[in-house]
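These are the structures in question, set out in turn.
Next, two complexes with chain A in common: one pairs it with chain B, the other with chain C.
Then we have the complex of A and B:
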């Protein structure tokens, strides 16, 4: 019975919307924008995925195709890694356009990611971007407001509300009907998104994660339909509910996310890379220069090695002492570099956590966090990329150093600067370059990403609670 | 004609509304918070630069005193370059959170160093900055819409419209003065905090006036849009909220749809070389040089540096045990090989910015944002200018060391008194005039 009356009211509302131009225009505009964003983004991601895969392949080939060389030269020759986009970045590109997607890996250094796409955007996409997530999280609420701000207050202003209520329609039936109508309208924006999710679920992303992702978006849309309908019921005039809703939208979708970012920057200022570099250098200097076997820092290493092989001079060692030094100092250097890199990531994460606390003030911030964390386009996943790149760096550099230790004669090595012929002799076979491992970046396992988003699910739940409360107040206070 | 009495009466009327006073308070608060956030951030950047400068000098002095030949000093000593925030940067952070504003470079191939970025937390950049430029270009139009959309309709709905028109001496005057008493407090709420912060930060008067003019022009622009829609004959039958929806539609079109469409079009129009290719080419050239005959490097190097033709010979006794001249020559050749690509990369950045400046003419928000960051020297132009000043400085560094290594390789500490020092330069005035103003 409740549903039948609600259905009638819902159908009535739709008839009204289709008759007036505003609602129909907004619906059209929203649907077209969402579709355009999906198509443009899908092509862009597809292209980027191919390009990066190709570049990754090329970089590996080039490395392996290098001629016979001194192994340490290969340490400096270095290697590139590229981050492939995750399947859900079709909907939520997240921080990807701000981070850069390639890192150059070489001995003795940790480089940062280069060539962030945002640098090439001429500032056009700083506020808005043609990404499905921006449309869904920021614009769709505005569209829902424009369609629904008057759904109840219009009836009141026209005097039909009294009529409806006196004819035996209950307040909850009435609001349910209006809610259904608006939810159906918002589904016009949501549908393309859900279809895209469905598609993603079949292209290698975990189904449960995609389900959670789409449910979160659906809940977010529902939140707004409830808020809009409740405001429309609570305020006597359409203009009042309109003004209040626009103010709510402005604060939740536009203002608070940015405020969070600015507060985080100023509350927890992070040390820039350059500044950290000085500290790294200070610490590294105490470890000795790995290029120089006579550096006093390696005295103990030398003594231990001579004792181990029971010989008197490094010339008699069965291994290449320069290689040993390189291996040893690279290891200690990497430890220092990682320590500082971890510190920096920790600082960035702290800042991000401060900004994400604004999810308690705005549901948009909450869903933004859920969206990026689940899609694997969050800061966490970027850090994972940095860590994996560093692991690969250390692996191939130390692999090359091992070749240096075992396969290059010490005397030939020490003599390498004497003449060009001597330099030609101080090399190892190119077949050694095959030690480079393939790099294929994948985001965290879906279970990890879901648990990373736990707090933000809680925030979303909090907002569900608030809106349910709001709806109950609206039902109780609904007066003609 | 408008009279002072009209204005006074309307001011009393407008300020009688609690909603209006509340809105003004909110605008004042938002403007102040955004300015404070930008101010604090720029103070921090300035402090960072000072800390870095100090460490940079200490570090370099240590290297110079520790080494005994020019090649080693050039290899191990870094030089800090930076673009300090201008006195107005707090109002428009602009591109400073995406483009690097500090680099430490040394005499190795520059193309391998200049794309390194020490930028901010990407998640915060992604969420966006809450700066004054954002408040004025994106939020302010929304406030104007909220304040003005029901200017006449409110009276019409309250059935006072005809009464007001009849009782006023001049029916235009009453609406004009009502608009003025609404907008002037709004402009003051936005600009007073700005002027206070600008004075506190020691900004020049010209800059302050410029920013105020941009903001006032933006307010005027949006008021005209809002009032024109409100007065249009086509919409005369529409309700106030119906009109407001149309105004919001215009905001949406110009602030969101135009920029993102423009972005998509620009990306399709302007061909940008893969950034990765620049570094790749440079790396191949530099690393490949080790395997090539020394003469090959020299012939390439001498094409651009004929003055060193008779100085290329390597003498281990005179030039220290390693052939540094050759080493830096192939670094230079590596840069030269990548230079074409690198130039077209920068050219495409500028080209995109130029097209964006045309697109800005159909988007008041974009125009405001661009003008503000241009006034604050935080736009793409300024960031590219910084990149070029780093290139310039690197060239002078090369010049310094080439002169020593090729001509007088005997190491002397005194010669480092002439070591080039980086001094940040502002975008030249002549250049600024060719900007989109």
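Then we have the complex of A and C:
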């Protein structure tokens, strides 16, 4: 009986929306926007995935196709690594849009996004791009408000609420009917997203993870549906419920996420790019110039090596001293660069963790954290990409330095600038470039991503509790 | 409570915050009776009506309909009454027919289209307007639609809120005739109004309400309508 009456009220609400051009337009606009954003983003991601795979392959081929060269020239020739987008980034591009997906790897440097746009790195808010997740998390609640703010208060203002309740319709039946109607309307926005999830589930992503991702979004939409219906029931006039709902939307979707980022950058401040670059440069300078074997920084290295091989001159060493210096210098530089990079990443993570605590104040922050973590487009995943890229960089640079040490004669090496002919002799065989390993970045396993999102699921659950409470109050206080 | 009473106010008091809206009301309305509660603006007429409909709770005393307390058995009471609001508040985007179908559906009353057509004919709503949007109806047409709804509910008790307000004289006469017919067929009718003339024409009993208190009572003797002048004088606070 409860459901039968609720269904009748739900159907009538839909008839009203369809006969009211404004509501029907909002519904249509929301659905078209979501669908358009999904299609555009899907094409973009698909194209990017192919392009990056192709570029990665091409970069490796080009590196290995280099002719006989001095190994240190190959160190500076460098190599590109690309991060392919995850299947769920069709919906949630996460930090990818502003961190970049390609890194140029070369000797003595860590070229990565970690020294760029640092202050934004913890930001969980992006309002510039019309991504499906932005539409779902920020714009869809606005559409739900526009459609539903008057669903109950309109009845009160028109006087039909009294007539409805006097027919024996209970307050719970009435609110359930209105809730069902608005939930069905919000499903119009949610449906394209769910279809995209369904597609993603067949594109190599774990089905359980995709299901959890979809359910989280559905719960988020339901939260807004309940909030809108409850406010419409609690406030006497439609204008009052609309104003309050817009204030709630502004706070939850715009102000609190922004405030979270600002609080995070203030509580865990990080160095600016210039400041960080200067400090790195200063520290690197103190390590000596790896291109100069006579730099005082390598005096002890030279002594130790001479003692080890029991010779008086580097000319008599069985290895190329210049290569040894390059190898030694690269190792120490990498340690310094990694130390700065790790500090930087730690600061970024601290900021992100602080900003994500705002999920207790705004369900939008909670769902955004869930969304990016599950999609594999979170800051943590990006950091892992940077670490894996750095490991590859050090591996191939040190591999080339090892070739320099073992396969290039020291005297020929030192004499390389004497003439063109001498330079041609100071090279190693191109077959040595095969040492470059293939790079393929994979996001964390689905179980790890789900476990990483546990706290944010709790936040979402907390919001479910709050909205259930709000609904109970609305049922109790609903008066004509 | 009176043994034959269909509607009964027993020391009915309603307070909201610090204000006493209804103060110790006592009356009984019997089966087939047309009872009019007459009062000015803010007298407490709508509060009385809402309390009997279970939309407001009694602070003390009781409001019962067919022996059921409206504050505690709200759903049962609402199922057994039909309510006609002052400004007939049906949905403007729906036709008269759609409005009736919708409200019958939420009330859980199954009626065929033939039943609905018969009710609309009974209240004399022009057939060519049945499928037009209610936003195009006059107040009289809306009133007729709401009365048709009330008839279709087959409710033994009808609560009417300012039923003749805004109606033209011909429509008022039609309405009064319909109310009398319903009462003659055994329906109990409780109306709140400030229309002295209209109440005297149709009511078996008129009770005056002022500042939430009952201040006077007039009863029809045989078929002679209640004396309008006497009621008017009492309503206006004059002595004849």
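As a working rule, the second predicted complex is superposed on the first by the 452 of 480 C-alpha atoms of A that agree within 3 Å, B and C clash if a C-alpha of one lies under 4 Å from a C-alpha of the other, contacts with A are read in each partner's own complex, and residues count from 1 in each chain.
One rule holds in what follows: contacts are C-beta pairs under 8 Å (C-beta built on N, C-alpha and C of every residue); 3 or more make two chains touch, one makes a residue touch a chain.
Since we're looking at a predicted model, the values are computed, not measured.
Chemist: Just chain B (first), just chain C (second), both, or neither: which does A:355 touch?
Modeler: A:355 sits against chain B, while chain C stays out of touch.
Chemist: Under the stated touch criterion, which partner chain does A:296 make contact with: chain B (first), chain C (second), both, or neither?
Modeler: neither
Chemist: Which partner, chain B or chain C, touches the larger number of chain A residues?
Modeler: Higher number of touched chain A residues: B.
Chemist: Return first, second, both or neither, reflecting whether A:33 touches chain B, chain C, both chains, or no partner chain.
Modeler: first
Chemist: Would you sort A:318 into first (chain B), second (chain C), both or neither based on which partner it touches?
Modeler: Neither partner.
Chemist: One more residue to check, A:162. First (chain B), second (chain C), both or neither?
Modeler: A:162 sits against chain C, while chain B stays out of touch.
Chemist: Write out the stretch or stretches of chain A touching chain B in their complex.
Modeler: 22, 25-26, 29, 33, 40, 51, 55, 59, 62, 67, 69, 73, 76-78, 80, 82, 94-95, 97-100, 102, 104, 111-116, 118-130, 139, 142, 146, 149-150, 238-239, 242-243, 246-247, 250, 254-255, 257-266, 269-270, 272-275, 277-278, 281, 348, 351-352, 355, 368, 372, 378-379, 382, 417, 420
Chemist: For chain A, which residues are in contact with chain C within the complex?
Modeler: On the chain A side, the touching residues are 1, 4-5, 8-9, 12, 15-16, 19-20, 158-160, 162-170, 173, 479-480.
Chemist: Which bits of chain C are touching chain A when the two form their complex?
Modeler: Touch list, chain C to chain A: 50, 53, 55, 75, 78-79, 81, 83, 85, 87, 89-94, 102-103, 105-108, 153, 159.
Chemist: Tell me, which parts of chain B touch chain A in their complex?
Modeler: Listed in rising order, the residues of chain B that touch chain A are 19, 30, 33-34, 37, 40-41, 44, 48, 51-52, 55, 59, 80, 94-95, 98-99, 102-104, 112, 115-131, 134, 137-139, 142, 146, 150, 154, 157, 239-242, 244-246, 248-249, 252, 255-257, 259-264, 266-267, 272, 274-276, 279-280, 283-284, 287, 290-291, 294, 321-322, 348-349, 352-353, 355-356, 359, 365-366, 369-370, 373, 379-380.
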